[in-house]
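Okay, got some structures for you below.
Two complexes, one shared chain (chain A), two partners (chain B, chain C).
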Partner chain A sequence: MSKVTQALPGVDALLPYGGAVLLVLGGSYFFPQILGLDYLAQQLQIAAFLGLLALGATLVILLGHIDLSVPWVLGGAAIVSTSLVGSGDPALAGMAIPAALLFGAVVGVINGAGVAILRIPSMVWTLAVNSMLLGVAVLNTGGFNPKGEASGTMIWLATGTVAGFPVAFVVWMAVTGVMALLLTRSGFGRYLSAIGYNEKATLLSGVSTPSVIFAAFAIAGLCSALGGVMLAGYANQAYQSMGDPFLLPTIAAVVIGGTSILGGRGSLIGTIGGVLFITLLTSILSVMQISDAWRNIIFGLIIIVMLLLQTLRRKDP
Partner chain B sequence: MRNLFRSNQREAIAIAVLSVLLALYLATHPSGPNTYVMTIWANQCLILALAAIAQFFAVIVRGIDLSVGAVMALTNCVASYLVIGSGLEMGLGIVAVLAVGIACGLVNGALVVFGRLQPIVATLATASLFVGLALLLRPTPGGQIDYDLADAFTLDVLGIPTALIIAAAVVGLFWVPLRRTGLGLGLYAVGSSEQAAFQSGMPVPVIRLASFAMGGLFAGLAGLYFSFVTTTGDAGIGPNFTLNSIAAVVLGGVALRGGVGTLTGAMAGAFILKTIGSLMFFSGLPPLAQPFIEGLILAGAIAIGGAGVLRVKNRLEVFAQ
Partner chain C sequence: MSRSEHPIVHLRGVSKVYGATHALSDVDFSCYGGEIHAILGENGAGKSTLMKLVSGVIQPTAGEIEIDGELTRLKGPSDAISRGLICMFQELSLVPDLSVRENLMLGAVGTGLGRLNADVVKRAQDILGQIDGEAIGLTTRVADLTLAERQQVEIAKALTRDPKLLILDEATSALNASVVEKVFRLIRAERDRGVGVLFISHRFHEIETLADRISIFRNGAHVETFDNGAYDYGAIISKMVGQRIDDLFPAKPKADPDADEVLRLEAFGWSDRLQDISIVLRKGQITGLGGLDGQGQGDVLQGLFGLLKGTTGRCLIGETEVSIRHPKQAKDPKLGIALVPEDRKTEGLILDQSIARNLELAALGTHGIDAADKTIYQPFLDALELKCDSLDQPVSQLSGGNQQKVALTKWLTLGPRCMLLADPTRGIDVKTKTQIYALLRRLADSGVAILLLSTDYEELIHLCDETHIFYQGRIVRHLTGKDVTAEAIIAASLNIPATTERSEAANA
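What follows is the complex of A and B.
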């Protein structure tokens, strides 16, 4: 709990930043263009998609749970928004982004209901919700890429620039700022990590733990949906299983950022570092044009090393 | 008899559900119940059942294994090189395939025990590693498994699908004896309370390692059996199996908090999950609606399992660890 509220981030949270700097320096030895502003700005833009997902995931993981419904909340939000825009009706098109966000929040509440009320392990329940969303998407789109297109706003959100910064990055930072306020300046933030530490004690001290769980999953759903809307803007369409490649990197980013997968301990600052690290790692590995096989191997090994650095540094487990 | 039922309630329910589903499946199958239909069904079920056993060994010691599918992919690719040729070569090939599975399990176990990583994140990372190795062996699907050997394991013996005989052998010759050993008891002790197990002088790290090694072995067996069914190597088979193996153990009454459930239950869960899928196929439902109904049934089954908490009088009981 103290780690969330303290002003200075811990060493765990700084580790991925160090790793990211090393990646850029090491990568620039082989490819000097990596140090260019264009490349780095592009990385910030790409990192924003993963970053938004990871923000939501951080909340849920702080709680001691996990959200495996990210892929199809993202995909569903992308389908909802693009098909509303594609309908051609300006009124519906204007509703695209709010509708997609609402969709994410509703799925989040469904996730929360299974976890908080039925007490089903979040790992299983969110997995089941994910496969139901997949089913609904297949039913609606017939298994083909859904029709529709992104609106100007969505494209701007994903690819525009403001004062030299990618809009996507600015949105990511803005959401981070709001969430940081929520975590550090409200009871919600404290209850979140308190539940992660000991749910029973938190309930006994008079906190309505189910509402905290509902809120955390709903916010996570919102974040995933926003990520989906922006990703649809980036690709100018929604496509089947567009969210699948994001699930595991999201969890990896949160954990590399020093958030304990058991809940209770972690920070948003660390998550941002983790996202930057994973994005740079993926990007540099693809710049190097090595085969898929080696990309997977190196990715796995580096994640293991980062995790080991984190745990072995601590004396007590 | 009543005590026997009470102590195995979760498994009993799972097996009853399975019987009903199987009866439905055989009744709705267009070509009716015959050995061929049973064999195809049993083969598909056994692959997932072996994967579910691999998951069971991680879950029973309060872990989770996200690399089950990756280990299957890797062993499948290894098998597509080695399980062919003369009898001796194939024998050594199978040993090598299973050794790869055990090695993968030990890597996971070592990261958890010595590296003190949480199983979920450790196996998340090793899954990427194992899939990478599998892709290194088979960038595109290919290779071959000896057809005669594959037939021997995937057809039937005297009308009984070989897959069912293997499933029975795993329970009768492996699980029942293991359950009676110190290791079998230790799995449950570590899963229920690691601290209590440690303080009673149990070698907790050894039990953890052994559990992950057995998980690796069964993931390897799943990969090997998958190779027998498909007779080819494919590095991309992993993701579905990992998630389905988790769903299967939960359906089979294995608690994700560890220490509760049996290997038989995990297998029953896998059979149920696969049978639901097969039922869909012949049910006459519109094909596009099938993934949704499948997800709905999975969620429903899990929710019914969780509905017990709504009857709990003392709200604190639901937090019992």
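What follows is the complex of A and C.
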């Protein structure tokens, strides 16, 4: 009995990895180059952007909340960093990355305030924050693509390699490592899922639940901002709505990774698997010679199948 | 009082097996119309399984069920309800986010496919009026009701369904004596018009006043059925637990009125809900809080644990005046206050998490305690004899009594100076009750000050050193020593002057 309950999260988290391996093997039947190191390294690099966003989203979803401000925290961080670099002032350019991260953390704290203090449902509050950020960005840029460029560091973070690995992937793994330590070595991780299961009982256990909520949203904002900085380095520019395509895949990756959308149960390892799965699925579908319409239908179907596998398996005693 | 000739429900050789657990084995049992039949047994004795079988929630693994003399297989709860077997479960079955009115109409007689039967609401209101529930607003969300109010709505809902057999599983656990008496009057009226009543309660005096017949269950087996009054307390308890528990309550040492003060409340108030509350908790003493439901006892505990905003008055811990604003501050070793909340399923524990995770939650981050070290919990778990497969088992799999043991242990490891307990034995079997009573007394002896809110006046009499009785947000009586009697508690709860309490109690 006890062994089963302990093993459960492990299986949840491993499922997307199994799916990813199947995708690679199945895809290589049609396109042998998929098994090449170049292709796989490129996938790890691309997965890193989604991966950073999904790390932050995992914390918020574990808490039983959701962060819909991801797109414009990402976009805003990209605009802040590229504009500072584009200003030409070396002092300002040096501040580009810290300023963008600070921006993300501040928006995260605003998100946390709405949820923890004003008690507004996170789905509504973060959507409103996202919308306001969009408005602020349009006011500043007049609706055109913002001027500016990425710094050398940003480009290196997004496209460089160390010891054969893409730097982006290494950054993703480093952030994962730090976060895993935070979740397992401090009370923070316990508090997160305790609140996700039952916020009232957690408060009554003498936990300062608002500070946990603040911290989770702030970290999520930091992650989204870091993703934005790196994506701006990848594209060497910031552009309007660059974050929009990331919102739903982020949430899908977390849920496919076995984290309950209702909060409480879940793991970082699972999220990484979910990110790899979604990235590979998108990539393999795009190299297949099929129409966009079918590509979307298949993408949706496979996501549903993965989620069904997760739910059905859990129902079995 | 005349019972029907044939049983409404008759079980023959019924067994129910879950995996390796025999919840019920080879049970013969029958319940007749026109009688109130009490079921007694420890938690895990098979009472709830029996109720679930009769109400169609589960199917027997072996054996037969006859309803009205006809061999039947209940297809589900709705099948049972249509046959007039109406059950009020221990886990309240109201939908929290719907209003009282909507809950009353859900699945009511004559309702279905968009047709709603408004008469039901009128009848329910009438019943609520008879059990002190007239103040419950029909448009109120059930989630906003107190536990006691929810039970009153449950009772009204069950009675509007024209039961043939009414099954009450801990239906009155959160109600206090005077409301319970009114509920009993209704139940007796149902019996007198031929309805059969199956009644589960852990309060002996309730069973004694209400039941016509009593059946004892132990470890999934039907031990004996007898007429009420055939045996005394002691004999009944020993049949339930298989061994004799001589005394439910531990011996009460003589209270020391000059023991050190641990906590002192002076003129404590909170908006118009609490007024002028003054309580002194002393080292080694168990102080009781009694009274009708929702008279402010619960608010005092919440206020002391930093859950209420805008309280007035003074609170002293030892010699220093403090203002407690948050549970985190309350549990800090400097104050050392612990609260075991009223509803263990939603407030005291996180049901989906393991025992170990639940135990850690209060201790985590507390200076000088290694919450991850499981050995620190073991002495308390041993003292309470927690029954579980392993500490990694989800708390939801434990019985109510064992859940409460986890909820208590989680705070005991912090070594609190002052423990606040909100009705810790509600819906718990006799054996666990005695374990908890013994533990509380031991804690008191070791110097902890205990503030015990209880809806069971036996606890106030036999366990507490002194008792404060609440009425409408005020303390109306402070009872100590020999003055703590059932009559005095009931009279004070109803705010009847002390001089007339004897005659009032005699009339009741």
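Just so we're on the same page, the second predicted complex is superposed on the first by the 305 of 317 C-alpha atoms of A that agree within 3 Å, B and C clash if a C-alpha of one lies under 4 Å from a C-alpha of the other, contacts with A are read in each partner's own complex, and residues count from 1 in each chain.
The rule is short, and it goes like this: a residue touches a chain if its C-beta (ideal position, glycine included) is under 8 Å from a C-beta of that chain, and two chains touch if they have at least 3 such contacts.
What you are looking at is a predicted structure, and each value in this text was computed from that prediction instead of being measured.
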First (chain B), second (chain C), both or neither touched by A:Gly206: second
Touched partner set for A:Ser193, first chain B, second chain C, both or neither: second
Touching partner for A:Pro71 - first (chain B), second (chain C), both, neither: neither
Which of chain B and chain C A:Leu301 touches, first, second, both or neither: first
Partner chain(s) touched by A:Gly264 [first = chain B, second = chain C, both, neither]: second
Dominant contact partner of chain A by residue count, chain C or chain B: B
Which superposed partner A:Ser291 touches (first chain B, second chain C, both, neither): first
Contacts on chain A seen with chain B and repeated with chain C across the two complexes: 200, 203-204
Residues of chain A touching chain C in the complex: 1-2, 5-6, 187, 190-191, 193-194, 197-198, 200-208, 264-265
Touching residues (chain side chain A, partner chain B) in the complex: 66, 68, 114, 117-121, 123-125, 127-129, 131-136, 138-139, 142-143, 199-200, 203-204, 244, 248, 251-252, 255, 260-262, 291-301, 303-304, 307-308, 311-312, 317
Chain C residues touching chain A - in the complex, by the definition given at the top: 305, 307, 326-328, 330-331, 339, 341, 346-354, 357, 360-362, 364-365, 371, 389-390, 392-394, 410
Residues of chain B that touch chain A when the two form their complex: 64, 66, 111, 115-118, 120-122, 124-136, 139, 239, 243, 246-247, 250, 256-257, 288-296, 298-299, 302-303, 305-307, 309-310, 315-316, 318-319
